[in-house]
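You will see chain A twice below: alongside chain B first, and alongside chain C after that.
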Partner chain A sequence: MPQPDVELVDVSKEFRGRQQDVLAVHDLSLAVAPGEFFALLGPSGCGKTTTLRMIAGFEQPTRGEVLIRGVAMQGIPPFHRPVNTVFQDYALFPHMTVRQNVAFGLRMAGLSREAADQRAAQALELVQLPDVSARRPRQLSGGQQQRVALARALVNEPAVLLLDEPLGALDLKLRKQMQLELKAMQQRLGISFVYVTHDQEEAMTMADRIGVMHEGRLLQIGTPAEIYDEPVDRFVADFIGETNFLEGRLETLSAGHGLVRTHGSDLRLMGVVPKERVSPGADVTLTIRPEKLTLLPKEARSGEEPGDAGAEQHLLPVTVVATSYIGTDTRYEVALGGGLQVTVRLQNYGARYDTTYAVGEPAQLRWDAANARVLLR
Partner chain B sequence: MRGERAERQPWQGLWLATPTLFWLLVFFVLPLLLVAVVSFMTRAQDAGGMLPFTLQHYERTLGIFSPILWRSLRIAALTTLLCLMMGYPLAFFISTRRSTVVRSLCLFLVILPFWTNFLIRTYAMRTLLANEGTINGILLDLGLLLQPLRLVDNQFGVLIGMVYGFLPFMVLPIYASVERFDFRYVDAAHDLGANDWRAFWRVVLPLTMPGVLAGSALVFIPSVGAYVTPVLMGGVRGLLIGNLIARQFGGSGNMPLGSAMSVVMMSVVLGIALLYWLIQRFTAIADGR
Partner chain C sequence: MVVEAGRGAALRNSAVQRDLAIRAVGRWLGLTLTPIFAYAFLWLPILVLLVFSFNESKSVSRLSGLSLGWYEGIFANVIGTGADFSTDEMLESFQNSLFIAGISTFVSTVIGTMVALALVRGRFPGKRILDGLLYFPLVIPEITQGVSLLLFFSILAKWWRAMSGQVIQRGYGTVIIAHVAFSISFVALVVRARLVDMNPNYEEAARDLGANEWRTFWRITFPLILPGVLAGALLAFTISLDDFVVTFFTRGAGFDTLPIYVFGLLKLSPTPAINAISTLMLVLSSLLVGVSLALQGREARTIR
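After this line comes the complex of A and B, so read on.
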């Protein structure tokens, strides 16, 4: 990787409180490559905003180091950092016009009023909002304010743009549209974005890479596909999309595949073990996405012998417990015996696959070891 | 909410205000009209007014008494300025305390003086500052002075007394403004390259201007007509227009002259209030409110 635009090295942030201290960010390391769209994803209170504020310079790390384009930011105030922020509620100055808002950064940088106004007008055009420059922020819709906030930050040509849930206040339709626009703009400008969101779909849609945070820790960094298909942590698997969890104990481990004996019933299921995280004997969780499971009629046979320990594919006898039709696909709750239950999603292709399963009907569940993950509990 | 209010007739619910309106009519509007009428009358033997009507009192007010009017305006302006320069930082300090307990305590201390009669407090100030008072006494005893500093019985004394007396009226409205101020705007200004100084002038001050204007009005207007403080702290050399007016209503005074002075003073204050209102309206429009 070339020199990162932003680098965090073992950064921790502790807020001292009267009753107790809050460890908002814990030993967080990440690097954002030039031109990269990096999303920080996590539930409320996990420390996303705090991380962003440490990059911007509003908070000082308790430990660790923040570097921007290779320069350590220790002791450098926000107004001397080559980054700009789009704030969660935009924080547009209410006493200034849109033009004055957008020109503010340029004026602070010493540009003349004329030059600043001209560049502000260009920036407003960039965000497709050329006609509102004489208005006050209060006279704009939420979506327009969002664009002004974007223009106000981008006009300064920052090395990195920091965005804190910039679309959080918009309705769903507008949000979807802005997601695409933002992504397109980021690619056109080639500025790296650090984008904070708690919306996994938003992160998946926009980001080149996602960092998933939980309780102040960065659990996994990866492309959307890696995060979705190859979670290395139970929380990550749970937070992104829908998934099944089966608890058990790891029996054997070979060539990256682990055999898990589930608790309760003595099913033995195979899954991929993420690098050297788990060793035999450990309590583990098997996770597999509902759409990566398949139901077959009771009498069907797969290519391999079912149920064999070590086989990459298992066929397990199951009973359908509940079904729900949700348009594009149908969800089946199926019982594996021993009180275990998993969700299966089958796509509704149409007449070709008209096999459906009624409640109470016996069937077979196809389990692909390559799609299952063995995670530490 | 706004729509609901707009739909109402302007006079609907007026009866809610009638007790106050009646009170003001009898004890404010009528006396005021009386003063206005008397100001154009000739002085009678008993210091009251009689016909014929004349403009001579206005001539005297704007003539020989205008220096005192100017002095009053100047001291009031200076009082306002000093209160602003001390009150703004104080209000800022108080409203940025994290703990609500500390904030309440500070506010309590600001209004604590109101619990004691203003006259008594001013006497106490005088006791501190007089030639033979506490401060001069200590400085003389320590040998730091050969003769007492003249801290009272002049305009300086009036200024000290007025700033002391009116400071809370400046602090409270500014406190309310800063309290409401959203400090994320400061983050935004910093983010866009403004240092603390520029963030203050470009963002904090404009957005807390309503408090500054309200505080200034609350200090300036009563300062112009101040009566007690000039008497106790100013002596003969510190007399202001309020004292001059009061003197005209005594036995050997001149009520028409006093009335004319009152009308002039009120007009000046009203003019300044109008200016204040215009500024406020202007900044309100600037805020898009």
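After this line comes the complex of A and C, so read on.
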């Protein structure tokens, strides 16, 4: 990897509280490559905004190091850092016109009024708002303010653009549109973005890589597909998309596959074990996405032997407990026996092709070990 | 459906009707009559003062007819019935008042704004205690303030004389210092309210865009709190202009402010001229406070 635009090395942040200190960020390390769109994803209070503020310089790490283009940022105030921020509430200066807002950073950098205004006009064109430069921010719609905030930050050509839930205040339709625009703009400009959001869909749509945070820790970094298909942590699997969890004990481990005996029943299921230290005997959670499970009619045979636990693919007898039709697909809650229950999503291709199952009907569940993950509990 | 029918039946019930009638009367008594009474209580004395300033006769208690005579007298350099006092004296005291109010307002506005900034944006131990102490001068009896300042100045004067041999007289200086002392709280409170309302992200955005603390203050913070600063300044100016007690204790001999001059008039010859002067002061003060309030309310929502 070439010199990262942003690098965090074992960064921790403690806030001194009245009763006790709060550990907002815990030993966090990450590197954002030049031109990369990096999303920090997590629920509110997970430390993602604090992490962003440490890159911007509004907070100082308690431990660890923040580097921007290889330069240690320890003690360097925000106004000397080559980064710019798009704030959640935009924070456009209400007493200035849009042009003055966008030109502010350039003026602070010592550009003449003429040069700054010219560059500001170009930046406003970039965000497709060339005609509002004489107006005040509050005369603009939320979407327009968002674009102005973007122009005000981008006009300074930062090494990294930091975005703190910039689309949170927009309605769904506008948000979807802006997601695509932002991504296209980022790719065109080649500026690396660090984008904080709690919206997993937003992160998946835009980011090259996602860092999932929870309670101050960075649990996993990966491409959207890796985060979704190969979660290394129970929280990551749960936070992103929908998934099934089956608790059990790891019996054997071979060639990256683990055989799990589920609690409360005699089921033995196989799944992929991520590259971490899980040894047989450990309490584990098996997780598998509902759309990666399939139902087959009771009498169907497809090469696999039912209940052949050692095989990578096998069929399990199940009973349909509940169904719900949700348009693109149909959800089935099926009982595996022993009190275990999983959700299966079958895509609806059309009446001609779909096999449907009624409540109470026996069926077979196809379990593919390649789609199941064995996670430490 | 059952519930709906039950409600309908209850509305026809006479006990409910009676209850509603009592509530209506109670509401009228509580919400309409009480404020009318309270406002009459507040404003009637001032109204009386205002009316008697137009009294034809010399009496300050019996209205005999309306005239602008007392006002004419003030503008014709005569206060009172005879030529007992001249308006020049009053104008001189008024000038003193303006001079003291002007300087004390400027000083207390600068200090008060800085105090507000420190209390809202600063991080230091004991901040909450200091925050609470800000209200203190507002509730200390003025007489206590006056006496304490008088004692403070005499101790200071004694100490200064022992140190340097020079004698400090009480006068403009001591009055101005006293006025600054009680004005700071008012300014700081008004500016603090504005600062608390202000979204701190504006300042962070400015720093993010390359402005250091000094430039952030003058380009962002100050323009945004300016209405609050002006409102605080006008409030300080009005209070200084109106102050009697503290001025009385700290002024020393030899010069009057307008309120003290009026008090002197009152002791010597209580005539409606005093009402006229008071009315003029009232108009001026109301104007200043009105502008102050308008500034405090102006665009308050735009800085959130």
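In this section, the second predicted complex is superposed on the first by the 375 of 377 C-alpha atoms of A that agree within 3 Å, B and C clash if a C-alpha of one lies under 4 Å from a C-alpha of the other, contacts with A are read in each partner's own complex, and residues count from 1 in each chain.
Going forward, contacts are C-beta pairs under 8 Å (C-beta built on N, C-alpha and C of every residue); 3 or more make two chains touch, one makes a residue touch a chain.
Given the structure is predicted, the values throughout are model-derived calculations rather than measurements.
A.B. asks: Record, for the superposition on chain A, whether partners chain B and chain C clash or fit.
C.D. replies: Here chain B and chain C cannot both sit on chain A without a clash.
A.B. asks: Just checking: does A:A335 make contact with chain B only, chain C only, both, or neither of them? Give me first, second, both or neither.
C.D. replies: neither
A.B. asks: With the two structures laid over each other on chain A, which partner does A:L174 touch: chain B (first), chain C (second), both, or neither?
C.D. replies: Neither partner.
A.B. asks: Answer with first, second, both or neither: which of chain B and chain C does A:A31 touch in the superposed model?
C.D. replies: In the superposition, A:A31 contacts neither chain B nor chain C.
A.B. asks: For A:Q139, decide between first (touching chain B), second (touching chain C), both and neither.
C.D. replies: It touches chain B, and chain C stays clear.
A.B. asks: What part of chain A is shared between its chain B contacts and its chain C contacts?
C.D. replies: Shared contact residues on chain A: 56-58, 77-80, 83-85, 87, 89, 91-95, 104-105, 108-109, 138, 152-153, 156.
A.B. asks: Which stretch or stretches of chain A touch chain C in the complex?
C.D. replies: Listed in rising order, the residues are 56-58, 77-80, 83-85, 87, 89, 91-95, 104-105, 108-109, 138, 152-153, 156.
A.B. asks: What residues of chain B sit close enough to touch chain A in their complex?
C.D. replies: 182, 184-185, 187-195, 198, 202-203, 206-207, 283, 286-289
A.B. asks: Please name which positions on chain C make contact with chain A in the complex.
C.D. replies: The touching residues are 199, 201-202, 204-212, 215, 219-220, 223-224, 299, 302-303.
A.B. asks: If you look only at chain A, which of its residues touch chain B in the complex?
C.D. replies: These residues of chain A touch chain B: 56-58, 77-80, 83-85, 87, 89, 91-95, 104-105, 108-109, 135-139, 152-153, 156.
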